[in-house]
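Read through the structures below before going on.
Below are two complexes that have chain A in common, paired first with chain B and then with chain C.
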Partner chain A sequence: MKGKKLQTLSFFLSPMIIMVGLFYLIPLIFTIYISFTKMKNWNTEKYLSEVVGFYNYQRLFHMFQHDPMIKAILLTTVIFVGITLIINVLGGLLLALGTFFVNESSASAIRLLWLLPRMSPIAVYSLVWYYFFHGSDIGTLNSILMKLGAISTPIPWGQMTPWGAWSVIIFVNGLVGVSFGMIVFTSSLNQIPKELVIAARVDGASAWQISRRILIPLTKWHFLYVLTWQFLSLLTTYPHLFLLVEWDLVNRDYGTTLALYVFNTAFGRGEQDQGLAAAAAVILSIIGILGGFVTLKVLQFERMIHEPRGDIE
Partner chain B sequence: MRDVETRPRRNEWFIIAAIILVSLPLILGFFLLILSSFSEDMITNLSPSSFRPTIENWINVFQGKLAITGGIRQNILKITFNTLIVALGVSGIVTLISTLAGYSLSRMKFQGRKLMMLLLLMLHAFPGVALIVGVYLFYRLTFPQDPSMVRLYSFFYVVLARAALEIPMSVWLMKGFFDTIPWEFEWSGIIDGASRIKVWWKIMLPLIKPGILAVALFGFLAGWQDLIYVRTFLIDKTLATFIEANIEAEYSHMPLIAAAGTLYLLPTIIFFLTAQQLLLQGYSGGIKG
Partner chain C sequence: MKGKFGILVALVVFFGVVASGCIGGEETSKTKATKVELTGDFVKDVVAIGKALEENGINEVKFSAWGSGDPNSVMRVHGIVEAARRINKVWEENGVNVRVIITDKYYAAAFQDAYQEYLSKQPLGQAGDFFVNSYAFLPTLADEGYILEITEYANAYKSVIDDFYPSLIEASKFDGKLYGLPQDTEARPFYIRTDVAAKIGFNLEGLEEKVKNGEFTWSDVYQWAKKAKENGAAEWGLIHRKGSAHPDLIQFIFAFGGKLYDENSKKLVVDVPAIYKWLYVEWKFAQDGLLPKDIMSWDWAKQIHPAIVEGRTLFDIGGTWYWTEWQTKDYYGKEGTPRPLKPEEVQAWLAYTLFPAGEEGLNPVTLSQPFVWMINSQAGQQNPSYEEFKELYHELAFLMIIKASDPDINAIHSVISAHLPVRKAAAELIRDEEWLNELKNLNLNLDQEVKDNLRDIVATTVHPINAKFLADVSYMLEYTKLAPAHPKYPALADIFKEALDKVLRGDMSPEDGVEYIIQKVNADPELAQNVEVIGEVPKDWQFP
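Our next item is the complex of A and B:
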């Protein structure tokens, strides 16, 4: 019986385990290994076996202290993650609360509209904002402001450092992340017993009072969940930044976060330095793994995982 | 209707108006892109005079005539087909693996089950894109010797690597769908002497069709929208890398790129119009314990 169960389990689970092993575990080990080699320009034959110890890490920390470009990138990472996080969490909460108080069909339409940034192909999404923030007079923002008479010549928004570039990347990524908070908060609001809202309504409470006194206090767990999840995701993802930088819509230094720096150092134009990129990736991974671990502990996910009670045997 | 009937009506319109106002840049941006693809000049500058309707851009896109002046041609149908292969591949693998793993995590007791689910959550929280340097080294080390196989292998690899990113979330999503099925269905099969694999295949899968569809849809969109993995691993072009390469090229005609972008956006729009409930359900299903 025992052997049979093992067989069944491996039938169901082995494809997933193999995928996780191949594309998470092995790459993690490889990334750590590369960070200790002199790997450059993907010249595996020459550099793969050339182990240099902590050289890349030393270089990285030296750059953290002295290289103005890396300093700009680190500052950008902090500002970008911080402000986008606030926009994502509060924006998601406001949208969820807003759609809670309107009729079902309008609410669905609004939710779909805000899913659009996450669901559109990244290249198209970037293209939309490329035209919107374009530094010439074909840029939508520029032409609106010029028509209103607020500015007389087009402004290259993304090239104004640092706040112009920061505003563009925060805006573009803020819209993508809002939908996550919106969906999570919507589902948490739907789990709140209707009686509470009905009782408050009968007592004459307004939408604002209901939100403030009932809905928001009851979504505390989801609030923490969105906050921590979105933090990790903003720290480690870069696809929605990549084209904005590559197309020169935003300034290279003040439009690049650490995660994008890893990618561009390993795969970008010019000389590629995978050893350095891997070292930066390892530092990001450590933050990510620690953050993920703390998140799981704080949110107490393990309590939510129930045994499958119906399983006979 | 989630709020109760006693709520005042006028508030509703105020809230809707406020949300639309905030959404304006989003609506405007996508609208101008789509409209520009039917115009001789980009109309992103909002002046009505630059809107001269034409379908020339679309004809040129399908003929692969990129440059207005030069003779550079690209086979856009082939490029679209490549994008489709990646999307379908990712969707297929994600669906298969998550229906398998989701079932056993939802229905079977075994040691390490809890740990496995927590680990999956952590992988979901920690996006694998940070590991791309390692994923690429693995790609290089497994490169086929035979040069004629290289292009095929790059498709194979990009599909697997991209699918792996979606697996933690889809397994949780699928587990959630299996959790909603009452145990009685399963017991009846097991008591009749069927194996778990047979129960999964014959009883559970037909009951879980909407879930499978949702996961397949998400997998498809993930593969379809991808840029980073495709440009890193795939030798052939997809719509994403096509747009990436052409926006900065001096010879590219902007409305033409707008047409290519609109073409690329089409599946997303189609899913939006046909599968709204599935999309909204799927997104909220993934986060339930």
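Our next item is the complex of A and C:
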């Protein structure tokens, strides 16, 4: 009987176990191993067996200690992840709630509109905002404000430190992330039995009361998921930031997060230093694991996975 | 018994025949050539390789060509296409039934991106067989074994190699061994708007000589730039390029007598006095409103080039390729819809000299970044029996870049992209008016596909004015400096750019800029090991 149970369990769990093993565990083990080697320029034949101990970690910590940019980078990481996370999660929730109360065709149109930033190729999307926020009169925003007479000279938005640069990177990334929360929350709201909402309506509840008393409490699981996922994703994201910094739209110090700093150091300067990048990835993973753990604790994940007590003994 | 005997005899005979066939076959395969001794006679070598391939049952050789750069430099890929056609023609004429086919033609706008692409795909066997890129990347690629060493092959083609300018052949070497053939080079002229100069009484007669003799220095540049701005003749005194990938601004280091690389220690150098003077000059220009403080974030197509072609600056630090880029890109918007300049307009509005000396007693400079034809160390890998006939494929690949270096191919590239020719025979050709006329009409013996791809570029760029420009600036190569071909140089160049940006914006003083550079270098132990910091900030130095 026990064997049968194990067999059934293995059958259902195997796809997930294989996926996790193949795409998470093995790469993780490889990454940890590479972080202890001299691996660079993708030359596995030459460097993969050249173990250098903690050299890459020492080099990285030396940079963290002595780089004059590092304070700005750490501060930028905290502000960027913190504020963009709030925008992503709350923005997604608000959009999902907003579209929940309008008719389906309008809701679909709104959702599609918000999905555009995520669907657009990164370079195209970033280029749009490059020209929008450009710090000269070729920038769309400056041009509009100058035509309206609101400003007389162009404002270098992304080069105003720190808040100008932060605002641009948060805005550009915030728009991309909102759609993720929106989809998850929309799907969760659609799972809530319609009877609850109808009954509340009959009792005279307003949209706000329905949201606060019924919808939001019932999306707790999804909220936890979106929050944790987006936190980890923002901690490691860099493509949009890379382009905005590379194109000199935003100030380098206050437009660079830890993930981008690591990317630029390991890959952006002529050499491709996979050993160093792997060490940084391990450190970022540790920060991510700790951050994820704290999020789960704060949102009382354990209480949520307790078996329901039930009403009937 | 008789029957058994018969069977036995038949078996012996059968095995004998099979064995003799096998032995004979083995003998045949032993005689199959897997390598040809290159003689230096191109036709003979091509035919020998072709025959060897044919004998081995190979009638088709596939290669791919990867290039990158400005929109007019497409010959970096089409040169290979044309070389293939010329080799195919030799085979056809000599009855060899083999063809080279260029399967993949990849052309990226940013040469750094193309390099990263090559670096990550070469070990996977997915990179191009031919790769044209900056000499600056050659040491890393050679050191990793990603490109083919061609010293031995080149020895057989000494007469061709000797026709290249020696400094460019040196730039194609790593550790004393040859890893490529020069494809192009350039100078970075210091452009002066003649119309703006005329407005402020700046006589350009004899200026070129004065610059050459070090009599016209950056102090003079400052004075005239100031005058142009104060008189309202131009919005800016000076415009220059941006970014660390375009190492134009390190010309200041050389113009102030500094260096970037130490031959003895094989290390990069942070030459503090020269770097300080560079940052100070730029800071002074920016503080006095002669150079935009935010130039490092200016847009290439909408700000930098229009400011020059529309005469909104007196001086510009640019490159030779600007000359034709201004004639093909819609940068001139003074009359409404932006349009390219005509060759006559470029000639009338822009004068050019070397990059002036930093101060009296020093020399003018220019900077070159030669591009090099490199061969993938796995060239020919997409062909059958690669391991067995590797040597033949590599020899053929070498002959392909020899052919792609034909004087006419190199001269076409030079004329249409305003780069300087890399060999003497090509330099002579661009002075030949008759040949230029043939090129203008595309009446040359070129592959139809190449002609089709060049038609628009040729129509706008092939002009006696442009050929004269190339001839005029060729002397600059005598003054040229090369950025260090050191794997850590891009990291240092990045730091220079960051410091300069902060100094230009006024966020840092020039002294702080120097300090920032040193701090950044020392922050990375691996970079610090490869860089020497020399000298101190000069205390009593004044500018202008």
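In the analysis below, the second predicted complex is superposed on the first by the 210 of 313 C-alpha atoms of A that agree within 3 Å, B and C clash if a C-alpha of one lies under 4 Å from a C-alpha of the other, contacts with A are read in each partner's own complex, and residues count from 1 in each chain.
Throughout what follows, contacts are C-beta pairs under 8 Å (C-beta built on N, C-alpha and C of every residue); 3 or more make two chains touch, one makes a residue touch a chain.
Treat the numbers as computed from the prediction; the structure is a model and nothing was measured.
In the superposition on chain A, contact is made by A:138 with both chain B and chain C. Residue contacts after overlaying the shared chain place A:284 against chain B, while chain C stays out of touching range. Within the superposed three-chain model, A:292 lies in touch with chain B and out of touch with chain C [touch as defined at top]. With both complexes placed on chain A, chain A has more residues touched by B than by the other of chain B and chain C. Once chain A of one complex is fitted onto chain A of the other, the partner contacts of A:44 extend to both chain B and chain C. Of the two partner chains placed by superposition, only chain B is touched by A:129; chain C is not. Touch criterion met: A:159 reaches chain C, while chain B stays clear of it. When the two structures are aligned on the shared chain, A:252 is found in touch with chain C, with no touch to chain B. In the superposition on chain A, A:148 makes contact with neither chain B nor chain C.
Residue contacts after overlaying the shared chain place A:121 against chain B, while chain C stays out of touching range. Applying the stated touch rule to the two superposed structures, the overlap between the chain B and chain C interfaces on chain A comprises residues 42, 44, 134, 138, 247-248, 267.
On the chain C side of its complex with chain A, the touching residues are 112, 115-116, 119-120, 122-123, 136-137, 140, 144-146, 242-243, 294, 296-299, 302-303, 487-491, 494, 498, 501, 505, 516, 519-520, 522-526. Remark: chain B residues 1-4, 6-7, 11-12, 15-16, 18-19, 23, 25-30, 32-33, 36, 42, 44-47, 96-98, 100-101, 103-104, 106-110, 114, 116-118, 121-123, 125-138, 140-141, 160-161, 163-165, 167, 171, 183, 186-187, 190, 195-197, 200, 221, 224-228, 232, 239-240, 243-244, 247-248, 254, 257-258, 261-262, 264-265, 268, 271-272, 276, 279-280, 283-284, 287-289 touch chain A in the complex. Within the complex formed with chain C, the residues of chain A that make contact are 41-46, 58-59, 62-63, 65-69, 134-136, 138, 156, 158-159, 247-249, 252, 265, 267-272.
Interface residues of chain A facing chain B in the complex, by the touch rule stated above, are 5, 8-9, 11-13, 15-16, 19-20, 22-24, 26-31, 34, 42, 44, 95, 98-104, 106, 108, 110-117, 119-124, 127-132, 134, 137-140, 142-144, 147, 175, 179, 183-184, 186-187, 189-190, 194, 197-198, 201-202, 206-207, 225, 228-229, 232-233, 236-239, 242-243, 246-248, 259, 262-263, 266-267, 274, 277-278, 281, 284-285, 288-289, 291-293, 295-296, 301-302, 304-308, 310-313.
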